[in-house]
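One chain, chain A, links the two complexes that follow: it is found with chain B in the first and with chain C in the second.
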Partner chain A sequence: MASVVLSEAEKLYIVHGVQEDLRVDGRGCEDYRCAEVETDVVSNTSGSARVKLGETDILVGIKAEMGTPKLEKPDEGYLEFFVDCSSNSPELEGRGGEELGTDIANTLYRVFSCENSVDLKSLCINPKEHCWVLYVDVLLLECGGNIFDAISIAVKAALFNTRIPKVRVLEDEEGTKEIELSDDPYDCIRVNVDEVPCIVTLSKIGYRHVVDATLQEEACSLASLLISVTSKGAITSMKKVGKGSLDPESIFEMMETGQRVGKSLHIALQKILDEEENLGTSRPKVGFLG
Partner chain B sequence: MAAVTMRLPAVRAPLDSSAPRGGEKHLVAPGDTITTDTGYMRCGQRRRRGGGGVARLRAVLRWPLSLRRGHGTYVEDEKLIASVAGVVERVNKLVCVRALKARYNGEIGDIVVGRITEVQQKRWKVETNSRLDSVLLLSSINLPGGELRRKSAEDELAMRDYLQEGDLISAEVQSIFADGAVSLHTRSLKYGKLGQGVLVQVSPSLVKRQKTHFHDLPCGASVILGNNGFIWIYPTPEQKDDEAGGYTANLEPVPLSDREVISRLRNCIVALVAHKMMLFDTSILYCYEASLPHQIKDILKPEVTEEIILEARQRLLDLEG
Partner chain C sequence: MPLDHRRLRGPEESQPPALWAATAAEDEEDEEGAGAAPRDPCALRPLFARAGLLSQAQGSAYVELGSGTKVLCAAWGPREAAEPGPGRLLCEFRRAPFAGRGARGRPGAAAEREAEREAAAALREALEPAVRLGRYPRARLAVSALLLQDGGSALAAAVSAAALALADAGVEMYDLAVGCALCRPPAPAASWMLQPAEPEERRAAARLTLALLPALNQVSAVLGGGRGGPPEDWAQALRLGLDGCHRQYPVLRQSLLRAAQRRDAAAAA
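And now, the complex of A and B:
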């Protein structure tokens, strides 16, 4: 992970600040940086979103392709995640970013492994034969701390934006099935994102924990807890990262904070996505050149 | 009590032509023509017959004789064109373009804030946002206690006790090597290792050159404006005694009131940088005073930033007269 080197005195300053609930940029321990969300930025995808959380910049594109269902779940579609970190810094180019990329992809698989997160049965076209596969590509444009949260927000926004074309299965006289795509480009099915979880990263700094750590704060924290929370506050998965240890008491506290913060995160994200949708075509497209 | 704010991205508004700006500068982008001065003289085409009958042709040179071109320019189709985005500077006949976003180019006498990246034999490598790592020689530092003595072998072995990897120092540029690397020295009690505080990294072109770069702001914190773009904000030390070049760091917790001032200053500097305003003590102070009605964490919201910057800009223009 891209990280900064800090002097001991700087680290001490940050730790003492967190203790007093005043971080370096004036935020409290449970405040997020201002986030910018925009969907439909990449034109040749089924759905896309770009999220800027402070310095962190994430781009997610989702492509819906037809494939065969998995053997153990013949009447469901599935999601495939791929994360690319090569554009972030020279040390992550080529092979260097592979480790980080697979780490993030595995975390996303785990977060979405819960059965109710995405309605996979709606992605089925023909049981055992055809289904929709959603290929989710995550591009890490800039790492400014807290990439997991930003990625999960972007994935949820991109899923909200995804339009999968409606197909009909026609059966021939001989029994061969044909798939017909509807002519109307706006005739499509949407993915229901009500149960899609978002990741909240809680970093332990000193005796307290903070949400949305910057790169400098991540350098001061020895252990972090990644919690994926749905909009109703249910925790779907949990993962501990970092080389330090966590007390079970503090894990309970962090889980409670994660649930609380996760609910606010979902409310804010849903509000902005609805606002964007209501603006419709009158929304000024900013994209990358705004 | 969590505060999560999300917004839709806003198109960056082009700077209003009626907005107050200080001084007219000739800004160019890569590819812009700087001048089409036509003071030409052909340097001529000569044919020389050397021994052996080989004919050599002297290259034809077309050169606008009245101008000499400097960095950031090139000649094409008898026009002088800029190759970087920046400000055109003319000194008599020399025309060059000083880039707006470039790495730090050291000049002798500059104050820099740097971070130690390596500890080598008899010197430290310091990162100062320049093309090459700067060098801090063991003979260029003040030892703890302020003593001036010849550095011995024990000092060489104990280098890491003075400055480790990751430490921040304030230093002055002593000389520049032939390859452009900068050699630093901390041979005064006001330079040395930095203690607790906050570092903000900005582009070097935004730091205004002034007589002094160490400021004790009246709001209750001190700031070092490094010429290399590293700004260091720290709580004003109470006693002004000679802390031996500051090798013994003060590790006591900084009081909350000082922390608020430092966080506010840090956000103000980030706001000034976002609007590409020059950083010097007065602009930072005006921005700080304009931000007092708002909460510290609100300063970075785009609408609040604009309001604060507008007020600060207006005050600066009134100051100029």
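And now, the complex of A and C:
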């Protein structure tokens, strides 16, 4: 992760502030930074989204392609994640960026490993032969702290935006199967994102924990807990990161906070996505110029 | 494990025939599972731990769980590293090619190396809070875990074995890290079970592995995923896991003491 060098006095300042529920930029311990979410920024993809959470900038593109289903699950499609962080800071080029990328991809696989987060059966075309594979590509444009949260928000927004063309499989007399794409370009299936979880990172600073830590706050925290929460408040995965250890009581408190914060995050995100959807084609596209 | 070039490799994509006969076999298995008496969820499987068994490594440990998981771990004490800064802990996790229950995967397969790397990262997460890295500036400590047989709860056993191996190597630690795994079967109102066996883990709806430093009562690693529930469910699972770790701690301490006594006796003789 891109790191920032802090003096002892700055660390003390941040830690003491957090004890009083006052962070450096004036937020409370459970407040997120101002986030900008925009979908459909890249036209060559089936779905895309860009999220700017404070200094952190994430771009996610999803391409839906036909593939063969996995052997153990012949009537389901699947998701493949790939994360690229090389455009970041110089220390993340090459090996460092690759390790961080695989770490984030593994976390995303685990978060989405719960069977009902995405309706995989709707991605199946022909059991055992054809299915839709959603290739989710995440680009870390800028790392300003709390990348996991931003990435999960971007993935959810991109999945909401994904449009998969409807196909029909026609069978010949000889048994050869032909795939027919419907003529109407707007005839497509959408992915249901009601159960897609979002990751909430809670960093332990001193005796309290904060949500959405900036780079400076991450440098002061010894341990963080990554929790993925669905919109209904169910926790689907947990992981502790960092060099320090956590008290069991802190973990229970963090889970409660994570569930609360996660639910309100989902409500806010869904509201924005629905508003954007309702604007339709008349929406002013900001893209990378804003 | 180096690749064996003399063997005929076979096609790239090879599917085990058991997969095509899956439906018949699974029905039998389910009947057996339902017929057998349900396991007591809080029962810990028997644990065998022995430290100081490899002569070439500075510290070593072997942990075996009642369900059949066998992990062998070796640790090397501080070696000088070129990079300045505090000490670093390098962990490696390898699976033997015959470790899994199903078909033998290709030893160099990318998916397997990914899984090994992920397990090594999890191992490092669990051990870093336990080791006093501040006492070894500019040094590298290496730990290597080898999974000989996977009978479920492999990562938890590896954490315990790695902590034992580091302690056996004489590395300064705050406490031993004890690992424990839990899983929850897919039935709707099922409760969490400690230390699942391999078939239970495969069919589980949710899994959790945690590592605890028992004397300090600090959790050093939590890794879990699956069909979730409200935080109370996960909190209950955590409490069960912490209790399991506390119960395993005396066994690991005994094995360390015995290894130290054996070393003294060998030095005196």
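By our rule, the second predicted complex is superposed on the first by the 289 of 290 C-alpha atoms of A that agree within 3 Å, B and C clash if a C-alpha of one lies under 4 Å from a C-alpha of the other, contacts with A are read in each partner's own complex, and residues count from 1 in each chain.
As a working rule, contacts are C-beta pairs under 8 Å (C-beta built on N, C-alpha and C of every residue); 3 or more make two chains touch, one makes a residue touch a chain.
Note that the structure is predicted; figures quoted are calculated from it, not measured.
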Partner chain(s) touched by A:L225 [first = chain B, second = chain C, both, neither]: second
Partner chain in contact with A:G26 - chain B first, chain C second, else both or neither: first
Touching partner for A:V196 - first (chain B), second (chain C), both, neither: neither
First, second, both or neither for A:L246, with chain B first and chain C second: second
Contact breadth on chain A, by residue count: chain C or chain B: B
First, second, both or neither for A:Q259, with chain B first and chain C second: second
First, second, both or neither for A:L123, with chain B first and chain C second: neither
First, second, both or neither for A:K52, with chain B first and chain C second: first
Which superposed partner A:M238 touches (first chain B, second chain C, both, neither): second
Residues of chain B defined as touching chain A within the complex: 1-12, 115, 117, 164-168, 194-199, 249, 251, 253-254, 256, 259-260, 263-264, 266-267, 295-297, 299-302
Of all residues in chain C, those that touch chain A in their complex: 15, 19, 114, 117-118, 121, 125, 128-130, 208, 213, 216-231, 234-235, 238-239, 242
Interface residues, chain A side, partner chain C - complex: 71-72, 102-103, 106, 110-111, 113-116, 223, 225, 230, 233-248, 251-252, 255-256, 258-259
Interfacial residue positions of chain A with respect to chain B in the complex: 5-10, 12-13, 16-17, 19-20, 22-28, 30-38, 52, 211, 260-261, 264-265, 267-269, 271-272, 275-276, 283-284, 286, 290
